[in-house]
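Please see the structure below; I have some questions.
So that you can tell them apart, the chains are marked A, B, C and D in the order they are listed, and the count of residues begins at 1 in each.
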Amino acid sequence: MRVTLKIVTIQGMRERKMHVFFEGSDRLIEMRDVTKTYGNGITAVNNINVFIDKGEFVYVVGPSGAGKSTFIKMTYLEERPTAGKIYMNGTDLDELKRKHIPLLRRNIGVVFQDFKLLPKLSVFENIAFALEVLEEPRHVIKKRVFEVLDLVRLKNKARFYPQELSGGEQQRVSIARAMINHPPILIADEPTGNLDPQTSWGIMDVLQEINARGTTVVMATHNKEIVNVSPKRVIAFEGGRVTRDEQRGRYAYEK
Amino acid sequence: MKSRTLLRHSKEGLKNIGRNGWMSFASVSAVTIMLMVVGIFLILIANINHIASDVEGDVEIRVHIDMTASEEDKEGLYEQIDAIDNVAAITYVDRDEGLDQFIEDVDEGSAELFESLRNENPLNDVFVVETKEPQLTEDVAGEIEQFANIDTVDYGEDIIEQLFAVTNMIRIVGAALVLGLMFTAMFLIANTIKLTIVARKNEIQIMKLVGATNGFIRWPFFVEGLVLGLLGAILPVAAVISGYYYLYDLLVTEAILSFVDIVPPNPLTFEIAAILIGIGALVGVWGSLMSVRKFLRV
Amino acid sequence: MKSRTLLRHSKEGLKNIGRNGWMSFASVSAVTIMLMVVGIFLILIANINHIASDVEGDVEIRVHIDMTASEEDKEGLYEQIDAIDNVAAITYVDRDEGLDQFIEDVDEGSAELFESLRNENPLNDVFVVETKEPQLTEDVAGEIEQFANIDTVDYGEDIIEQLFAVTNMIRIVGAALVLGLMFTAMFLIANTIKLTIVARKNEIQIMKLVGATNGFIRWPFFVEGLVLGLLGAILPVAAVISGYYYLYDLLVTEAILSFVDIVPPNPLTFEIAAILIGIGALVGVWGSLMSVRKFLRV
Amino acid sequence: MRVTLKIVTIQGMRERKMHVFFEGSDRLIEMRDVTKTYGNGITAVNNINVFIDKGEFVYVVGPSGAGKSTFIKMTYLEERPTAGKIYMNGTDLDELKRKHIPLLRRNIGVVFQDFKLLPKLSVFENIAFALEVLEEPRHVIKKRVFEVLDLVRLKNKARFYPQELSGGEQQRVSIARAMINHPPILIADEPTGNLDPQTSWGIMDVLQEINARGTTVVMATHNKEIVNVSPKRVIAFEGGRVTRDEQRGRYAYEK
């Protein structure tokens, strides 16, 4: 079995063992006939087929409640589909053992729509956490954290706690945490919702740069300007279905 | 697990105690109070049990020897009794001694009048027999009754059953109370710790979503629970040891209530201290890990 | 406040118990357990106190009348004693009766031999005096000693002080335990409730930011605390009443331990039930309101 | 004293007593030399003077961390200034008694940047709460709640709990709650951060309509398109200072 094989390789490696998940296959995300119906009866994602390859930069757009976040949550197993198959880098998520889920998640940097910062940890500690789970040595962690804090322009807020930050600053901490361990895939859910246009473009620059260096980026966004000014593949959701999937698409939800 | 990770988990566990500020305080004070209660009751029960044993220890068999028995008969009888398995000690009290004791025991008002008995002492010579266990009294007495040269064998037949009933009841009630109290304490401590951890449910889930394994999350909670439990045991242990030493001094050296014999503090308080520390650590860790467990399924 | 608002607050308070699901359960179970412990100890202490009183009640003054006193002297003495304020009852035991009692009390083995005393009874006639309060024995005995025609007055001088020391100690320790336990219970219950409310800190603050007054927020917490406290009291009350009735039946009608006289359940269990319900309600409300208070300053 | 007088009037009224705060004066918000330094030493708002009159529609713009939210929080007393004077409708907030703060807040509808929904209450209950504090009768509450739910297009989610909503849906619940009691002033902190352009314009339509009916609207936003397409008074913050305050201004933070 593919799954078993992979896990063996992972355990055999010493350094950066978390990355092994995403070596080999070129198809990183593969959703086949996936449907997600929540406990309250809402079908948030309805029979979608989505394929995302290594190195792509994909915008996920669509009106409020269209199912973008649900789609995203299924990739890192915050939610499980009620029907259909999801393969991450060729691994069937149904066959992934519980204890290997953390390994999968370490390969996916996620910027959560609601940030999900740990309220009792400082900005530094929040970001460092994603490296601590990899058991990196202290000095490596420190160096990396200040690197990404610099990228998101929050170096001077390292010792602050999330409640002491503005909305946009919290969002940038979440972005920094998602990038810290150079994950092969970065998924950002509305990463510029609380940012002014200038800062948003700064973040876009960073995302495009890591994409250029090989990271696959999936970004749910409502930012028409960004999508239109910097066109890339666009997957459009509406009512839980994929209504459009085009290379170099436009935002296209005009007033 | 790398050793620096172990270190990280320990540090993190300790930091969490500070981070959760008064929640930790609430847990520690719950542990403190419950262990204090358990400690006090352990001491009480130890002493009640001690006193009950003392009272039981007073049970003795009085073998009234036939007035007509010769010295040799008595020696024979002595050896016969001595040969019984469960006999611990035999004391010979001759009739004059017996009368002395009797007059001493009798209330003062009548005492001098009994002096008149000295001339025609109505008492027998007596072997006072102690058994190895108070509970064996009846059996031993039965055996002795078979021997020759005996007038009567007397061990307070009616009283002894009731006495044992009472001391046993005290023991059972005491043990039930202490056990019940211990479980109550454990439940309540675990309950409190659980509440502080449930408040951190979201945080635990975020950690999982960021790629932490269950073990990675659990270790700091292990340390935290352990330390909370141990912190909670400090005060009760100190209170039990110093308090009981003080009390013992007061009762024994100051000779207040000198007729009640209480358990000396030396092994007792330290045994209790060990129990309290054990409960604290155990329940701390257990309560902590139990509560984390259900939030790890993310 | 409009009556529909009062209704709203009550409904909201009840709903909150459901909304906070197992947090409410944790609070209720803390209340239940603590009240159970308090209830059991109240019963224990009531009985220990009862037994101590019984024992104290056995204290009596034995006034040995001069052998030479005439019937008139005795009557005079009787009236003198009767005139003392704190004397509750006087019983006359003449020397023959006294000897009968003595022989009955003495251990069987020696009893028949004492029969020999019948001919030359060494005992005096005796007035057995009971005082209104056992604690008054010494004073009354002192007064009686002044009277004429008395040989000796005897009330177990050495024993009585120790007896009172013991019974008083038992009472004090008992009261301390119950009081300590009650405060412990209150503290722990309030602690637990506090934890469940701290977890709702953000919610309370949001309510304030949306324009709720402190009172508006507090009322549902009042209802919630009250109901949690009362829910927690149900089981202990039921257990105390039915458990004690059962035990009493067992001990009294089945005549086990018939010589120990335990307090009848009728007023006792209901008094304890009232205390438990009172503590439950009080601590529930108090713990709830106390904890909310500090989050209202927004 | 003005303050005392007002409170007397409030207590004398039976219905809608909460509105009295905002009758009479034309100057609703008046900040004089206001500075806010947080406990950690950050000066989020630095010696600003802002005056907003009855009936205005004001955009508050500025980069992430400029002090917009802090400015907003001081109007409804979530934060207190460390220096300077704030008058709301002529009432000096320093002289406002603690017990009258709720009355003030009932006159200000606030859309919080982080929504601040009560997690254990359904959408309906969350919105109804703002009317319950006014002790409105049940049937009035029900009617009003469904009216505003209709406005934000969430009528079918009335029984859902916040965690069961998408980011944008939560934001709209927060908007609905802020409007429910027809407050004379509505302050919205980034109300379209999680909304697609179309839904954002829907919300803007609602805000403009209630503004036309007399409600004063203050809206912190990063949405350049909205500000530029629908120009109004713009107050721009930068580093805690007001750098621009112009009628019919533009967003003006170009890349």
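Everything below uses one rule, namely that contacts are C-beta pairs under 8 Å (C-beta built on N, C-alpha and C of every residue); 3 or more make two chains touch, one makes a residue touch a chain.
Note that the coordinates shown come from a computational prediction; the quantities given were computed from them, not determined experimentally.
Undergrad: In this assembly, which chains make contact with chain B and also with chain C?
TA: Both-contact set = empty.
Undergrad: Compute the centre of every chain as the mean of its C-alpha atoms, then state which one is farthest from the centre of chain A.
TA: C
Undergrad: Go ahead and note the Å separation of the Cα centroids belonging to chain A and chain B.
TA: Distance between chain centres, rounded to whole Å: 61 Å.
Undergrad: Centroid from C-alpha atoms only, then distance chain B to chain D, rounded to Å. What do you get?
TA: Centre separation, chain B to chain D: 67 Å.
Undergrad: Rounded to the nearest whole Å, what is the centre-to-centre distance of chain A and chain D, using the mean of the C-alpha atoms as each centre?
TA: That pair's centroid distance is 32 Å.
Undergrad: Touching at least two other chains at once: which residues of chain D meet that condition?
TA: Not one residue of chain D touches more than one other chain, so the list is empty.
Undergrad: Quick check on chain B: which residues sit in contact with 2+ other chains?
TA: Chain B, residues with two or more chain partners: not present.
Undergrad: Once you've mapped the touching chain pairs, tell me: line, ring, star, complete or other?
TA: If you draw each chain as a dot and join those that touch, you get a single closed ring.
Undergrad: I'd like to see which chains touch which, written out pair by pair.
TA: A-B, A-D, B-C, C-D
Undergrad: State the interface residues of chain A toward chain D in the complex, per the touch definition above.
TA: Listed in rising order, the residues are 38, 40, 42, 61-65, 68-69, 113-114, 160, 164-169, 172, 189-190, 193-201, 222, 224-225, 251, 253-255.
Undergrad: Residue numbers of chain D touching chain C in their complex, please.
TA: My answer: residues 18, 76, 78, 99, 102-103, 105-106, 110, 112, 116-120, 129-130, 132-135, 137-138, 177.
Undergrad: Please output the residues of chain B touching chain C within their complex, sorted ascending.
TA: Contacts found on chain B: 22-23, 26, 29-30, 33-34, 36-37, 40, 62, 64, 102, 107-110, 113-114, 116-117, 120, 122-124, 151-152, 154, 156, 162, 165-166, 169, 177, 180-181, 184, 187-188, 191-192, 194-196, 198-199, 256-257, 259-260.
Undergrad: Mind listing the chain B positions that touch chain A in their complex?
TA: For chain B paired with chain A, touching residues are 1-2, 4-5, 8, 16, 19-20, 203, 206-214, 216, 298.
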